[in-house]
Amino acid sequence: MRNVVVRNIDRVDPAIIKGLSEQGTATVHEAQQRSGLMLPYMRPIYPGSRIAGSAVTALTHPGDNWMLHVIPEIAQPGDIAVIGLSSENTDGMFGDLLATSYRAQGILGLVIDAGCRDVADLTEMAFPVWSRAISAKGTVKATVGSVNLPIVCAGTQVNPGDVIVADDDGVVVVPRALAAAVYEAGRVREANETEKRKRLAAGELGLDMYDMRTPLEKAGLVYVDKPSGADE
Amino acid sequence: MRNVVVRNIDRVDPAIIKGLSEQGTATVHEAQQRSGLMLPYMRPIYPGSRIAGSAVTALTHPGDNWMLHVIPEIAQPGDIAVIGLSSENTDGMFGDLLATSYRAQGILGLVIDAGCRDVADLTEMAFPVWSRAISAKGTVKATVGSVNLPIVCAGTQVNPGDVIVADDDGVVVVPRALAAAVYEAGRVREANETEKRKRLAAGELGLDMYDMRTPLEKAGLVYVDKPSGADE
Amino acid sequence: MRNVVVRNIDRVDPAIIKGLSEQGTATVHEAQQRSGLMLPYMRPIYPGSRIAGSAVTALTHPGDNWMLHVIPEIAQPGDIAVIGLSSENTDGMFGDLLATSYRAQGILGLVIDAGCRDVADLTEMAFPVWSRAISAKGTVKATVGSVNLPIVCAGTQVNPGDVIVADDDGVVVVPRALAAAVYEAGRVREANETEKRKRLAAGELGLDMYDMRTPLEKAGLVYVDKPSGADE
Amino acid sequence: MRNVVVRNIDRVDPAIIKGLSEQGTATVHEAQQRSGLMLPYMRPIYPGSRIAGSAVTALTHPGDNWMLHVIPEIAQPGDIAVIGLSSENTDGMFGDLLATSYRAQGILGLVIDAGCRDVADLTEMAFPVWSRAISAKGTVKATVGSVNLPIVCAGTQVNPGDVIVADDDGVVVVPRALAAAVYEAGRVREANETEKRKRLAAGELGLDMYDMRTPLEKAGLVYVDKPSGADE
Amino acid sequence: MRNVVVRNIDRVDPAIIKGLSEQGTATVHEAQQRSGLMLPYMRPIYPGSRIAGSAVTALTHPGDNWMLHVIPEIAQPGDIAVIGLSSENTDGMFGDLLATSYRAQGILGLVIDAGCRDVADLTEMAFPVWSRAISAKGTVKATVGSVNLPIVCAGTQVNPGDVIVADDDGVVVVPRALAAAVYEAGRVREANETEKRKRLAAGELGLDMYDMRTPLEKAGLVYVDKPSGADE
Amino acid sequence: MRNVVVRNIDRVDPAIIKGLSEQGTATVHEAQQRSGLMLPYMRPIYPGSRIAGSAVTALTHPGDNWMLHVIPEIAQPGDIAVIGLSSENTDGMFGDLLATSYRAQGILGLVIDAGCRDVADLTEMAFPVWSRAISAKGTVKATVGSVNLPIVCAGTQVNPGDVIVADDDGVVVVPRALAAAVYEAGRVREANETEKRKRLAAGELGLDMYDMRTPLEKAGLVYVDKPSGADE
């Protein structure tokens, strides 16, 4: 991996990004055929945030957060910083000073496949972070990585300019070229859900609403009134 | 494991279930001789819930939540759905649509040895879930499992109709035949605890209150004023 | 490890402890050259606490919390109990009765490399605990360990009388002999941070404020406007 | 869980057990509809063993191997000892002395949801063990559990007298009442496999042999000669 | 992720692949600037193999190995199958029947971010597999994924036609366009290592051979004859 | 932690070290009252080694193996290098070049709370390593740590000059001041074991040999011929 900073990246239309943010990760993930979700160890440092933005990426090394200082220079308002690691690490690479700088440049939040610290301050600032760990452990600035090259973060490929959607259910990556189509697919999905929610709340069974009885029977599911001895 | 749905199960007297709910998991677990507790990776998706109810069970396969749609048909108000997996999986098998359906049928909550999603919505609905993961990852409906056969969930055997008690400390399973006796044992335990709490709050030492000094000495514990060199 | 209880330990000046508490784990950890931090699996049972105090230590065995009952006798107000285990274990060794006793003796909180239970009660009492797990699982009182001998807790050496600082970012151990010096180093660090925070909030880049551009260039980092094909 | 030792259990016909042993875990697990497999963290302490026998079970507590000493009295030649734990633990509960005793009573091997030690000696003795860990850590004999009551071991229910099949692929549990039927299903399966192996070795594609082309097409799989831009 | 099978992929010159195989993962990983290594949970099912080949890739879903049956049709002799999963799963997706088919088509080995079974047979066949788990658990064939689209496997991006190098140290991915350059860089590295190995074996210190004394001193490392009290 | 290299350390009498090596980890660990064992994730890179020697220690940082190059200068023949990490890391910090250098200086083996690589070469050289991971991932030489100061390795305190005993069951640390006494306690233990092994092999039950029947009965264990319904 070359030690390169790419200054300019292409981004998705802000209206599409806003729409994806409103849909949230579960809808977006389904809308792009259940792909692009980061592993579930990525958790928000506090509950209740939902953001979407363009990915600016960095590859860093364990115990070293140097590249996180390069990001504010090349980010634009509305971006989300996404950090991949060259091997698994939980050190606290990001804290309230970096968050102050990121916010000053308009960065919306951070997704980092390592640790985060100063979480009480970040919670008070309402600066959202999704990380694999919370750790007070500080880091050095000794080895360069890259900024705005493709990375893998939490098991998922992220290209600079992809749309990141993050909320309490996790983090999903929408490839830049697919963002508009995914948003449209999500809208269709959401329209259906409102109707379904109403019918289910009224007591209709999903078995009937989704026409599952025949497929279940074909797949071999059998109803009995009481278990036979052999079933227990 | 046969692909069977058992329609009818025996349940415990609701008054006993209500009593177990008030005791909570720590008391109930002690009252049944420290057995029946699920592994501690099972965590509530939000803090502050305490529920108890009759287990309706399902066995599902990784990445497939089909059986979760069968449960509302055979559940009764006051039941808790308990889901076992045929192998370890963190996919988000349950979200706000299923929760809407479950609530409409009177199901009190969910215990699932896999993932859950839409946790912001579920928190707002106050529909409690204990799961091994939170994940936006959706699932297919392709392979049948079973409903209301015995399962293992998070390291613990669950038979349909067993009482599930779940709170911030975890999830405990009370075998149906033992529920009344466990409740009685828990009541004795709780009565003792109030008195003990008062004495400890007044500064009495547990060493004295529990008469531990002689057993500790017999077991070989020695008091010294300062460590000798060899002790460090 | 001998089965010994050491009654008397040396403690750090309370003013220094108070100062370390105000600095918090991230600052203190940096101030002692990034050492002494417990592994990040140690998490608070509820967010928002920050405490510091003198360590009273115990070594216990898996599934056995007997030594936790010995601690209140030898602790002093302002102490923090720190519990190491002879092998990995998540059982709920501490609950609301012990917390009542600990609080009656002036113990500020608990750091335990095992499980904790009654977390709803402890949250209501505002008795802070950092643990590796939450579990309703109870324990026996059958095997003695030691109290106030050196232990390892969550990957970190703890000697009785060391200062423990614990907050939402984790738990850091300050060796007793170094506490005053670490506090002073932390003060210098904090003074610098206020100034830095202001400049970063005003939009100054860390690259400039920390004079990183030349070192980054020397380390081989190259800026490009657009990725070449080979970089992707 | 009552502290009970059950002296007498029912066992499966030795001819069936021998047949299941020859089939191995993968075949047996498929033959009983992919159920009964322990979690894959259960690994043999050395490669190359394959055994089957009747389960004699014990429930033990973390750090305590007392019940393992009760097993030789109630076991019969051809049995396999299966040990469940009341909470997760890796201590070395079994070593060469116990193995000597187990072998003297005709016990074929051990399956333990905890640790094992003296593995060099056990390898030399060719006494096979499947465990979740290897650890020199010794244990106490302070708390009683049970022998020959149902247990959960590595995520799977085990009743005394069930058939245990264990080899390099893991450990599978066959309920006693189903053993004969599972064995027959396994024989059918094996007969088919020999023929299939021959055809595949000759270069026939599984796509053709299993008639998968139509189902794959119906499920939406599309063949293209080269990826389009959007597919990458 | 579209459900696509790409029939034709570009491959690297076999002479380069052979050279990378001889260099092994540690050299190749260093030669491409310490990038492209899969996470270390990927382990060989038996020790002593070293292979290199062109990646044919598949994306599969947890508990479903359908796509593994498609690979033999589009693979060429010298290829290595690399399987990514849509979420974490340890099921035994590959066994001796598939291995027979893969070998018949000239596939050299398998790298799978899930489980493998029949490991005794595979060892006897000398068919090498790197996997995250060994498990007898069988899988269904119900949901399609993709073949020869880019995937993430064990934390690393893999494009079809990339060179896979796998041995006892793990699995490294060399992007197709970089393979020749990486091979050359590896050759330089190896030449140096032979000379270094000789000098180190003769007792020369790395501190001298690598000229580390001055950099260590500049970085602040201090030699003392005995520890002072404060250092312990 | 100061960045210090301590040149001279005190070591234990070689005859005692040789004796501890012959006893092995399980005996030594019991002989020092079940203390000093590293966590069981520390595994040998190949089976069948047993070594003992004086610990020379280093503290290193994640992704950085610089301090491993300092060790050969201050080690003596018969020493074992023990490496602690400032946070969890699996990078391959040690390979065949360092092993060549270590062997040239008479170092017997390595215990490292991180990764190891070139394991095929190390196996051929018969240079034993106990590590938490095997990984081809290389490391930088950018940040200094310490050599021959006390460290924590795999959950256990190690002081320079302590005796390390390592075999297939794990790694145990014997404090220097206790080595002679532990060796004597181990001899007594071993003498007893030979006699016990003989009696157990002859079919005597441990229940009788260890006089366990009365304590088991007092502890509440009850024998029954068949399970009652309530026991299942």
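Per-chain numbering from 1; labels A, B, C, D, E and F assigned in written order.
As a convention for this text, contacts are C-beta pairs under 8 Å (C-beta built on N, C-alpha and C of every residue); 3 or more make two chains touch, one makes a residue touch a chain.
As the structure is a computational prediction, the values presented were derived from the model and not from experiment.
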{"item": "Shortest path length from chain A to chain F (each step joins two touching chains)", "value": "1"}
{"item": "Chain pair among A-F, D-F or C-D whose interface repeats that of E-F, sharing over half of the contact pairs by residue number", "value": "D-F"}
{"item": "Between C-F and D-E, the pair joined by more C-beta contacts", "value": "D-E"}
{"item": "Type of chain C:chain D copy interface by residue overlap (half), same or different", "value": "same"}
{"item": "Euclidean distance of C-alpha centroids - chain B vs chain F, Å", "value": "38"}
{"item": "Distance from chain E to chain A - Cα centre to Cα centre, in angstrom", "value": "27"}
{"item": "Chain A: positions in contact with at least two other chains", "value": "2, 34, 37, 86-88, 90, 135, 137, 142-143, 150, 230"}
{"item": "Contacting residues of chain A [partner chain F, same complex]", "value": "61-64, 86-91, 135, 137, 140, 142-143"}
{"item": "Interface residues, chain C side, partner chain F - complex", "value": "1-2, 32-35, 37, 39, 86-88, 150, 152, 155-157"}
{"item": "Residues of chain F defined as touching chain E within the complex", "value": "2-8, 46, 66, 69-70, 72-73, 90, 92, 95-98, 100-101, 103-105, 115, 117-120, 123, 133-138, 141-144, 148-150, 159"}
{"item": "Interfacial residue positions of chain A with respect to chain B in the complex", "value": "25-26, 29-30, 34, 37, 40, 43, 47-48, 50, 167-170, 172, 193, 196-197, 200-203, 205-207, 210, 212, 215-216, 219-227, 230-232"}
